[in-house]
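Below you'll find the structures, each written out as structure tokens.
What follows is subunit A paired twice: with subunit B in the first complex and subunit C in the second.
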Partner chain A sequence: MNRDDMNRDVTNADDTNHDDEKDGVTTRTIRVENVTRVEGEGGLDIRLRSGALDDVKLNIFESPRFFEAMLRGRPLEETPDITARICGICPVAYQMSSVHALERALGVDPGEEIRRLRRLLYCAEWIESHALHVHLLHAPDFLGYPGSLEMSRDLPEEVTRGLQIRKAGNALLDLIGGRAVHPINVAVGGFYKPPRRESLGRLVPDLEAGLRLAIDATRWVAGFDFPDFEQAYDTVCLVHPDEYPMCEGRIEASDGLSITSDEFESVFVERQVEHSTAMQSIRSDTGATYLLGPLARINGCRDRLMPVARRLADEVGLQTPCHNPYQMIVARSLEIVHAYEESLQIIAGYREPQPSRVAYRPHAAAGSAVTEAPRGMLYHRYRIDEGGAICEANIIPPTSQNQSQIERDLRSFLPGILEMDDDELAKRCESLVRCYDPCISCSTHFLQVRIDRGA
Partner chain B sequence: METGGEVATRLVGVGSPHGDDRVGWAVASRFAVLRYSRVEAVTIASPIGLLDLLGEVRDRSRAECGKGPSGGNVRGETYCGETVRGGNACGAADRLIVCDAFAGEGPVGRLQRWDWPDSAIECVRSSGTHDVSLATALELAGNLGLLPASVVVWGIDVGPSPRLDPCGSAVGESSLPVALESAVGRLVWRLLQEVDGA
Partner chain C sequence: MESRPTLAVFKFASCDGCQLTLLSLEDDLLALASRLHVAHFLEATSRIEPGPYDIALVEGSVSAPRDLERIRQIRRDSRYLITIGACATAGGIQALRNWADSEEYLRAVYARPEYIETLAKSTAIADHVTVDFELRGCPIDKRQLLDVIGSLLAGRRPRIPNHEVCLDCKRNGTVCVMVAHGTPCLGPVTHSGCDALCPAHDRGCYGCFGPSSQPNLVSLSDQLRRDGMPPREIVQAFRGINAYSPEFRGEGDRIEAESGRSGEADGSGEAER
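== the complex of A and B ==
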């Protein structure tokens, strides 16, 4: 029995999976206590009545993080370092959204060199995060393996390749960020200590090797057998006129929506649901769920991929707009190629920013920003007081925004597989959830507390 | 000064700069200061970094002297975190010792040793980022042919409710609780005996 089976099998031991019959109605309940091979802790509840789907819930039971509350009263300069602690996988995303929001509030323009260095740092995070998910968490699903351990016994070269792809990105992240986990070099206005041109140059051979490996890996992944399942997604991402979205742009949706980050909270609303400690998001204008992440970005901005990535997308036959969530692994792999290409381009033209940090005067202000975390749009909003302390913060991660869409996907997906036994059905659902590369730890950013003291 | 024996040892401290999770780094940092011959002390921030470390060492040992696997110069090594190097670089080590915190039953500061493979190691950092635990990382490394003949895991029990301290403090600041500070010292002593006895 492997670890995935152990987690799934808990339900049988507790007799949580069960069939009940009452008044001629048979209720079949399937519970996955812990969705495996995702970041954080989440479970699934699936309830069927007389053979038809009655309800499905993605349960997030990760404890709330209360980071927005923690930021109150702290100097604004501490925000990048504090928010980076929200996630060990995508700390750069939190730092980027925070500095962009604070700089917009303060009227700071860090300049082109800092902007490019920030994109380079984001490329490193995309490489590291995407490579780990593709090779260790998601690829086993397509090849019939319970997990990466079993896959590594039969396909050691492919797994090793994935780790090598990730490692070069990690080295870049470490160099620019000062540390790969919870980087410490990002500052409001720029960087504390930008890397020297020679230091970046030393990474070029391994980045070039990583690019070649990433191209091979994309071809490998594109050859997987993808389930025939499509959804009519409303995809949302940043769109920039000149570049593939990372730190800047307008927020655009496939239905034609185009807004700035200042309008975000009027269009995308969060709501608390009983079965999850993470809040869920829907469009306030349409009441609909929406999709963030690599597939949304590729659908909206394919023509802004770097040349090799764009050509590779054509070669592997990725049709866009794509509405098959299982193809997210291909989109993710293409973004790794893009990130490697862009990294090499930025390094080739790199000039050390002078100054490394643009000066600013703290004052009462408010600002918001959206940047593209590996999993999708990450929204930050801050209000600063006269002394430069944070007095209000709102952080909406991509995984919490994608929750509603994940549940909707499951509701559409399940009716087609209900004849399967519970174990196989649960595995198929977990695999669908993994398409999103959910970062459950990030998604529990805030919990509304209501106290009813009675009459 | 002891030589560290004939067995080449790589000592890896797993941890972070936050709260009680610093213990693995603290052990590696103190060992690095000793500069033991044939013992290389390294810190990593997550179990997945172990795969980076072992993979790079294998690539380095295969490559020409002074050149990396891609033909470029070998750069300063970092493995998902701050790197502390001490002693002489071992190349392909004969023994791997991993030190990490674990949330056990207590008492805080209790030392636990496991010889890999041992399924009990699941309790050590059992929920790493992206669900890659230390045990998973070791098993994966084994499947990829990256592990040396001898792998030992040392855990320092930080109790069921370890301090997390999200705002962090720099490695090197002596703000570990007394019980953990003592445990780090005791473990370094035990490790000295272990490498000397090889």
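== the complex of A and C ==
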């Protein structure tokens, strides 16, 4: 892998790489100004002293957008529309964590039909977001291309297949959400207007075709050459007794931790570091970093994958628990298969929810929820006043939780490749970062809202 | 030598959703890529080429000190500079901070505000450099994006309809949510582009595409007031996704000032409660 023909000399700031000698200590600095093929913009700084690794920083320099502060004073009904704008790649995840947290605060139970329709919408986003990363952003790393457009010249069928897999997911998002980016149909209590059974039925042939393509693509991806690198991950995801994790369940870690979302902030703590507008998370009980996302979910809940995805995981020989970050692309591909299968199952049994939106009476209350965004668990907590306006919000996205783990991976990985020249070393590091499908647009701009109202 | 026109995509403060629209062109993506040479698109390719570029698509608002010089450089490097989306054309939802104490916002969100560099206001690209065309929407519409790029490739000015969402509802035969149900709706003053999505889903338009070409804002505010909406909520309706567009900003500020004088409500969308 990493036979990219990218020309870093042009603008990706190799001119800032340098060697300094002072008091007999040689410092070698390698800077990747922009990590490419990730959502949002961030960079990477690597510093070596006398040939040994001194520091690694994943820089997140996107400017803050202050969502938690902006939400204050807004009616709770607007929350899913506003929080969607945090991320154009996974807006449904923000909408789902918002509505679950607010419904928990208000004591609303939308019922089984709405619950299933939300899962269907979430499946569509998993397909869209995962297929973007697997086929357009990540696969080129394993095959030596700078991007999928360049790859499409040699491998047109593979790239077209990836686009087709994504297209059926987007069509499902369009139908249920009104549009794929920033859907308009999600409401606290349910949906503004649920899709008709016939309209969903018309998508079935495309979804069946998408499932077949997703199975082929998983076999293709599983055959990539994965670097031999393992990390002792503490993996964390939602766990539900009967279904693959999405909107409900307890938060469980591979070391045995099991908590509810209300206990989230006492176990997972954020710290702010100088080089980043995102907050980084560690566990307060162990002081350690932790891993979220597709690999964490497959490691924890493989037996709850839909049957085709489960058999496919066996067929491609995925060993779980898996601790090789490069295999995240396999986990992500298996989740695409799962999401297609589950979509077809939900559509087959779909009944329009009646009513489509459960009524509620606003009152002063607080509530939290965790749902499984494509990149891992996404925590929201809100406090609302008696008139139904938001007075406090706390949002912790998966990438800011994974960021400490990414830096830890880099620190373990780098000593083995220090002999390489700067270009190659930078490429290898970027490629490791990319395994996580980091969403920098999401991860920036958050932290616990601390309102100082003065005296 | 490369003879196709070059395309560059740049990001400022935003959610990534508008540039994602480019990657979601699906069937049209590879066709488009064969007519254009993608020279700078960090989300899509690690091959990064220097300017000049024929077409630059700019997503996001100017929000941090480093953005100021960056946008000027992009302008110098680009023959056509097209802004895509509500952040780039109106400052985005993050422009809600323009009415707030930005220092207080920083302290509210970050424990160590001294690590964060931010400008007091989030502003549109056109507030800083000349923009050749502004494509609206949160997110932008795929067909409109193709139309803009297609127009530039054909050497003509993009022609994007700039009438109100209201007219699209009439054309689609969608029952008016405001007349029939009394649901507040910004459709009468909002730019076309979404195909009147919200009213078709039994909810009011919340203005993702920003103001239409000649919005009658006062008339809408008066109607909302007659329907029983308190001034504070009318102000909040204008202060949403396109809060800092000159038209919505002006109308929200006008109502706030008016209600402030008559002591009706504080009207501020994000003031502390």
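Observations on the structure shown:
Just so it is clear, the second predicted complex is superposed on the first by the 433 of 455 C-alpha atoms of A that agree within 3 Å, B and C clash if a C-alpha of one lies under 4 Å from a C-alpha of the other, contacts with A are read in each partner's own complex, and residues count from 1 in each chain.
Basically, a residue touches a chain if its C-beta (ideal position, glycine included) is under 8 Å from a C-beta of that chain, and two chains touch if they have at least 3 such contacts.
Computed from a prediction, not measured in an experiment: that's the story for all the values here.
Partners subunit B and subunit C, once the complexes are superposed on subunit A, run into each other and clash.
In the superposed pair of complexes, A:Pro146 makes contact with subunit C only, with no contact to subunit B. Between subunit B and subunit C, C contacts the larger number of subunit A residues.
Touch criterion met: A:Arg85 reaches subunit B and subunit C at once. In the superposed model, A:Ala180 lies in contact with both subunit B and subunit C. Of the two partner chains, subunit C is the only one that A:Tyr192 touches; subunit B does not reach it. In the superposed model, A:Glu68 lies in contact with subunit C only, and not with subunit B. Of the two partner chains placed by the overlay, only subunit B lies in contact with A:Leu203; subunit C stays clear of it.
Once chain A of one complex is fitted onto chain A of the other, the partner contacts of A:His133 are limited to subunit B, with no touch recorded for subunit C.
In the overlay built on the shared chain, the residue A:Thr160 is in contact with subunit B and with subunit C. Residues 36-39, 41, 70, 78, 81-82, 85, 88-89, 132, 136-137, 148-149, 152, 156, 159-160, 163-164, 166-167, 170, 179-182 of subunit A contact both subunit B in one complex and subunit C in the other.
Only residues 11-18, 20-21, 23-24, 26-27, 29-30, 33, 38, 40-50, 63-64, 66-67, 92-94, 96-97, 100, 104-112, 115-119, 122, 138-139, 194, 197-198, 200-203, 206, 208, 233, 236, 240-241, 268-273 of subunit C touch subunit A when the two sit together in their complex. Within the complex formed with subunit B, the subunit A residues making contact are 3, 36-39, 41, 67, 70, 78, 81-82, 85, 88-89, 132-133, 136-137, 148-149, 152-153, 156, 159-160, 163-164, 166-167, 170-171, 174-175, 179-182, 202-206, 208-209.
Interface residues of subunit A facing subunit C in the complex, by the touch rule stated above, are 4-8, 10-12, 34, 36-41, 61-66, 68-70, 72-75, 78, 81-82, 85-89, 91, 132, 136-137, 140, 146-150, 152, 156, 159-160, 163-164, 166-167, 170, 178-182, 184-185, 187, 192-193, 272-274, 277, 385, 389, 391, 430, 439, 441, 445-453. Across the complex, subunit A is touched by residues 16-18, 45-46, 48-49, 51-52, 55-56, 68-73, 75, 78, 80-82, 127, 129-132, 136, 139-140, 143-145, 166-168 of subunit B.
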